[in-house]
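Alright, structures below, take your time with them.
There are two complexes below, and they share subunit A, which is joined by subunit B in the first and by subunit C in the second.
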Partner chain A sequence: MSHVKKFVARNAVPILFAIVCLLGVYYAKMPGQFLFMEIVKRMARNSFLVLSLIIPVVAGMGLNFGIVLGALAGQIALILSTHWEWAGIGGLALTALLATPMAVVFGMLAGTVLNKAKGREMITSMVMGFFANGIYQFVFLFLVGTVIPFENEALRISTSPGLRNTVNLSRIRGALDNIWTIQYGFTKIPIVTFLIIALLAIAIWAFFKTKLGQDFRAVGQDRHIAGVAGIQTDRNRVLAIVFSTVLAAWGQIIFLQNIGTLNTYNSHEQVGTFAIAALLIGGASVTRATIGQALMGTFLFHLLFVVSPSAGQAIFGSAQVGEYFRVFVAYGIIAISLALHAWRSKSLVKASMEEDVSA
Partner chain B sequence: MKDRLIKIYHGFGLPRLIISVFLLALIIVAAGTDLSVPGLLSDSLVRIGQNGIYVLAMIPSIQAGAGLNFGLPVGVIAGMVGVLVSMENSLMGFGGFLVALLVAIPLGTIAGYLYSLLLNRVAGQEMMVGTYVGFSVVAGMCIFWLMAPFSNPALIWPVGGQGLRVTLTLVDTFGGTLNNFLAFQIFGLTVPTGLLLFYALLAFLLWLFLRSKPGVAMEVVGRNPRFAVASGLNINSYRSVGIVLSTVLAAIGYVVYAQSFGFAQLYNGPLMTAFPAVAAVLIGGASTREAKVVNAIIGVILFQTLLTVAMPVTNQLVEGNISEIARVIVSNGMILYALTRVTGGEQA
Partner chain C sequence: MSVPVLEMKAISKSFYGNQVLNNINLTVNKGEIHCLVGENGAGKSTLMNILFGMSVITDTGGYDGDILINGSSVAFNSPKAAIEAGIGMVHQEFMLLPGFTVTENIKLNREDTKPNVFSRVLGRKMETLNRKKMASDARSALDKLGMSIDEWVPVAGLPVGYLQFVEIAREIDKENLQLLVLDEPTAVLTESEAEQFLTVVQRLADSGISILFITHRLDEVMAVANHITILKDGELVRSGRTGEFTIAQMAELMVGRKVETSGRISSEKREKAKTKVLEVRDLAVDMPGERLRGIDLDVYEGEILGIGGLAGHGKIALANGVMGLYTSRGQVRYQGIDVPLNNPREALNLGLAFVSEDRRGVGLVLEDSIANNIVLTSMQTQEKFLKPGPLKLKDQKQITAHALESIERFDIRCTGPEQIVRRLSGGNQQKVCIARAFTQNPKLLFVSEPTRGIDVGAKSRVLELIVELNRMGVTVVITSSELAELRSISDRIAIIYEGKLSGILAPDAPDVEYGLLMAGKSLEEVGIGERQTN
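Coming up: the complex of A and B.
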């Protein structure tokens, strides 16, 4: 019995969301086939991005809202690859290769900035995401076509500066998903995409068994003790952000090859928020995140996303209510998790202070 | 002489100097084109008065030790409800404006108090928690706007009989009431006297409060909590005072903003309100731990004038709307700069 209690206490958030999702599924009355298709599609699209958040959490830097920077690196590579007309899986692999050095540089910059803002990494990484977005828009909305010569009908309208609002990624659409699919009902299950996600999950698991991975964990648990033990904490923190940024860049490329269209100026805006909300719904916290939580969270969050408009229609007579509800859930779960984390760490500090006094 | 110049420079600070010089350059460029400089400055005056109160709202929360108030939308929403109640009853002119304030202020007080109870429990992480509480409140209110019991046909969608519209115009009710009060023209420059007077009044009242006994106590709580406890001050209640004050100012700020802007934008409209205000107070020379009323005033003047002048001037030089992008880069760059400066304690 106490076993069950412990399980429920430890997984309160995912259980709560599973119940909400079940209610949503019940009221939405969607055909099972359709629901399955949507979930498979969204899991394939988003799991990689959510997994990219795990390493910084373990390294004690909280939720990395700065994965937006990685997503931007991925998009810049996609813009270039469209320009050079790279196609197919080879083109996609080249795009990922092209995105990597950019993501490494962005990650190093981000990690260096975050080292100057210890204890407030999350807000700093969030603002950094907004800032990077501004720079990205400045480059691709203004400099391209005016300062940077760039002529390509597919990407620009020659009469005005800046890239088109939407870029058709037809050459690499489904390049990864369609290599090998298994048909189940209406649903084409993209096996290779899921294999890559599984590979990443295993790689992250294996990484934490290595010396470097253990160092990250030590830094995450206590920066000062890790420092005393001879671990270069600042360097490790930068590395953690670099890993996360590179993974996010690849994740965004996988995401966009599935969608097939790049919304030049807003494909990346919600990347951080939605990935973080998914991770937290899976039961992760600011200081603890596992692969299982990331995948579970992606599943629950996107199930909620799919069913909420229809459920809103059925319960409140308005699909709009459902759409606003899911955004509210995304923001709300982040707010609650952050508050709970701050609350707990504050009472921990208090407890240790009282101990000091009594000792 | 040299020492004095250096002293003035240190008092004014490098970021402000750079922005002032840049602003001056923009105005000179504007004078060279066929843009009307007085027209640009008139627009700037309106935007300063329109956004000034949001920036003032940052002061009490910083002084009380709760950092920059990223949860500004909590107060803004209270202001929105005030504006909507007044519009629902088709109140016009000053009557409409006052009723909006009379509804917004108590609502802002209640919301601010609840918000402060949360922030007191998450001391040290106020900014991050505040940001997402603000976002959640805005998203949650989207559902409220859809189902809210308003029935004035000017406010709701023409079909269905329920749900507020996305953008409401205040032209027929109390739009511009404050701006047009005693407005006059000088050298082609239109001065929105009522708006600026109202802003000055609030700034003065806030300045007065910070010098009163509770204001000083609040500052002590923010600056040095241990000393405050030793002096017998209740930390949480003074922090609450600062947060409530900040939220109420945000609520008043929205009512003033809406009457000046002439439109009320519901749903996701208020999502990012906190960021320009945060940036402005930082540009004015505040830090995450210390802010004066004068920081808010200098900040909003520099930031809003920059945005107002930059857009038409750059439009003359390049195509497209660079103002929005400039706003994003300048404001977030400024916030980033403030967050990465060494401030002693760890705070988010």
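Coming up: the complex of A and C.
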């Protein structure tokens, strides 16, 4: 009995969402085949990005919008690879390789800034994401074609500066997904993509069994105590962010090869929000995140995404309401968990008393 | 004579313009045990923090003076540098990661690793932890200290006495250790554990490791020190070999006046009250390492009941269980009303107050001011210190006035009621904890380890204040590792053994009887026969 209670208490958020999702599935009355196809597609597309958030959370840097910078690195690499007409899986791999040093530099910059804003990582990284977005827009909307010579019909309309709004990524579309697929009903399951996600999950799991992973965990629990033990906390924090920006860059490339078109100016925008929301829905908190939570959260979040328009239509007579609902959920869950976190760390005494009881 | 392991020369330090160390010189030779004593706030921890390169020092403008290790000048700007030079430190406050296991904490940043495919390319940091080796190292360090605790349990929730041993285990596991700083390691240990601990320290010293040892228990100083340095208000008052001082002289130099040592504080024999305020029936408390396995105990109105016993036997769990801080079963009745278990809020609302043995864990909000810490619980549970009206605004004037009064009453050494608690010395933080419980104006007060970390001068003051509160009608249940302390103020003393009540004794009962109960022998068994104390 008390085991069940504990389980429910620990997993209240995912359980709540599972119930909402079930209701959604029930009211949406979608054919199972369709639902399955959507979920498989979205899991393949997004899991990598959500997993890239785990390392900074464990290292105590909170739910971090640093991954937006990583996503930008991935996109810049994709723009260049399109320009140079790289194609196929080789081209995709080369693109990922090209994105890596950029993501490392972005990560180092972000990490250095975040070290100056300890305890306020989430909001700082969010602002940093906006700022980076600003620079990105400035470069690709204005400088390209004016200051930076860049002639390419596929990417630019020669009469006006800046890149096209949408760039067709036909050369690498599905390069990864289509290497090996298994047909199940209507659904083509991209086996290699899922293998890569599994590989990443295993790598993260194994990483936390290494000395460096242990250092990250220690710094995440208590910077001060880790420092007193001689661990270089600031360096480890920067490293954690670099890991996550690099993974996010790769994740964004995987995401875009699946979609097949790059929305030059918006593709990266919701990367942070959605990944964070998915992780939180999986039951993670600002200070704790596991691989299981990331995958479960991605699943629930996207299930909700798929069913909510139809469920909205069925319940409220308007698909629009469902649309609003899912956006509301994404931002709402972030707001609530942040408020919860703030409240917990404010009423320290109470929290620690209550935790003791529940422990 | 060989070169000293450590020389500190003309060390001075001020925090925000407040000079806390002035021109201190200190020399420690190889294999020597050097004791550092002084009042709360004298500057002992600060001096050690300077040696260890702690960030409190580097972030507040560093220090003046020179430090020499084995004759060569050093200036550690991080604990890492100090550790690499072979210095270890057990800090006054616990430096353990709550979510890590005992092993992970003992081996923190000194983990054993084994290479894997990736580490060969990416470097040693990517080597896999060798958990087996780590656990066996941790085990042997714990065994050296006579600790039977499992090496794989998480540290969170372990009783403070255990935490202390885990910290010490971490230090003795270090191979390159040549100088070990111990900042009040024995404050939470019982006499017998402290004794055991001191033998370990002695053994370390014999093996050539130098020890800098801070304690407020002067008999410990006499027992192990080769050399003693006395600080007062940031100045060095005397330094000399152990034989040069008696305990009384040492205390006098520390405090600047004559100190009466121990003896009974409340001497009058009091009539035993008839009314039970608290009835505890078959209470079991699931506190890791301090389990209480079903205990029946009555607390009478107006008495001071002492709770004693060895660490690990559950004495600490009683107050924690009644106050709802750890999962408990059984029945507790307070003035005839059932106290709901596992509900700290309810316990506070019923008028029970608690000074926890874990002042940082459940006691203080370190980043808040002294004043706010003192009034916190009263404000939350009794709505005191609020302005009348629906908005529940804080009555700052009243808070400040009360804080000033408490500072005076408990002799809290600080710059004012607005000073944040983190910036107080350890002993002064403890005084803030006690002041908070007194502010609640409880009818029944639980105090655990009230004089932990408090200097000889202030110690009797704290005990006197507890007695004074008791004489005003407050029933007190005091838990302490120091038997002498319990005997100096209690009316009755309950001894806990292996989670059960072993017996209840009068404060003036002979030592042997205490010894027997603590060892789990019943008095009848050895033919002494129970006295008329219960």
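We take it that the second predicted complex is superposed on the first by the 348 of 359 C-alpha atoms of A that agree within 3 Å, B and C clash if a C-alpha of one lies under 4 Å from a C-alpha of the other, contacts with A are read in each partner's own complex, and residues count from 1 in each chain.
The rule we apply is simple: contacts are C-beta pairs under 8 Å (C-beta built on N, C-alpha and C of every residue); 3 or more make two chains touch, one makes a residue touch a chain.
Note that this is a predicted model, so its numbers are computed, not measured.
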item: First (subunit B), second (subunit C), both or neither touched by A:188; value: neither
item: Subunit B versus subunit C as contact partner of A:327, first or second or both or neither; value: first
item: Contacts of A:209 with subunit B and subunit C, given as first, second, both or neither; value: second
item: Comparison of subunit B and subunit C by subunit A residues contacted; value: B
item: Partner chain(s) touched by A:83 [first = subunit B, second = subunit C, both, neither]; value: neither
item: Contacts of A:128 with subunit B and subunit C, given as first, second, both or neither; value: first
item: Touching partner for A:230 - first (subunit B), second (subunit C), both, neither; value: second
item: First (subunit B), second (subunit C), both or neither touched by A:164; value: neither
item: Partner chain(s) touched by A:222 [first = subunit B, second = subunit C, both, neither]; value: second
item: Complex contacts: residues of subunit C adjacent to subunit A; value: 54-55, 78-80, 83-84, 91, 95-100, 104, 108-109, 111, 113, 116, 119, 124-129, 156-157, 324-327, 342-344, 361-363, 365, 376, 380
item: List of subunit A residues in touch with subunit B within their complex; value: 113, 116-124, 126-128, 130-131, 133-135, 137-138, 141-142, 146, 160-162, 316, 318, 320-321, 324-325, 327-328, 330-332, 334-335, 338-339, 341-343, 345-346
item: Footprint of subunit C on subunit A - complex, ascending; value: 206, 209-212, 214-215, 217-218, 221-222, 224-232, 348-350, 352-354, 356-357, 359
item: Partner subunit A, residues of subunit B touching it in the complex; value: 70, 118, 121-125, 127-129, 131-133, 135-136, 138-140, 142-143, 146-147, 163, 275, 318-320, 322, 325, 328-329, 332-333, 335-336, 339-340, 342, 346-348
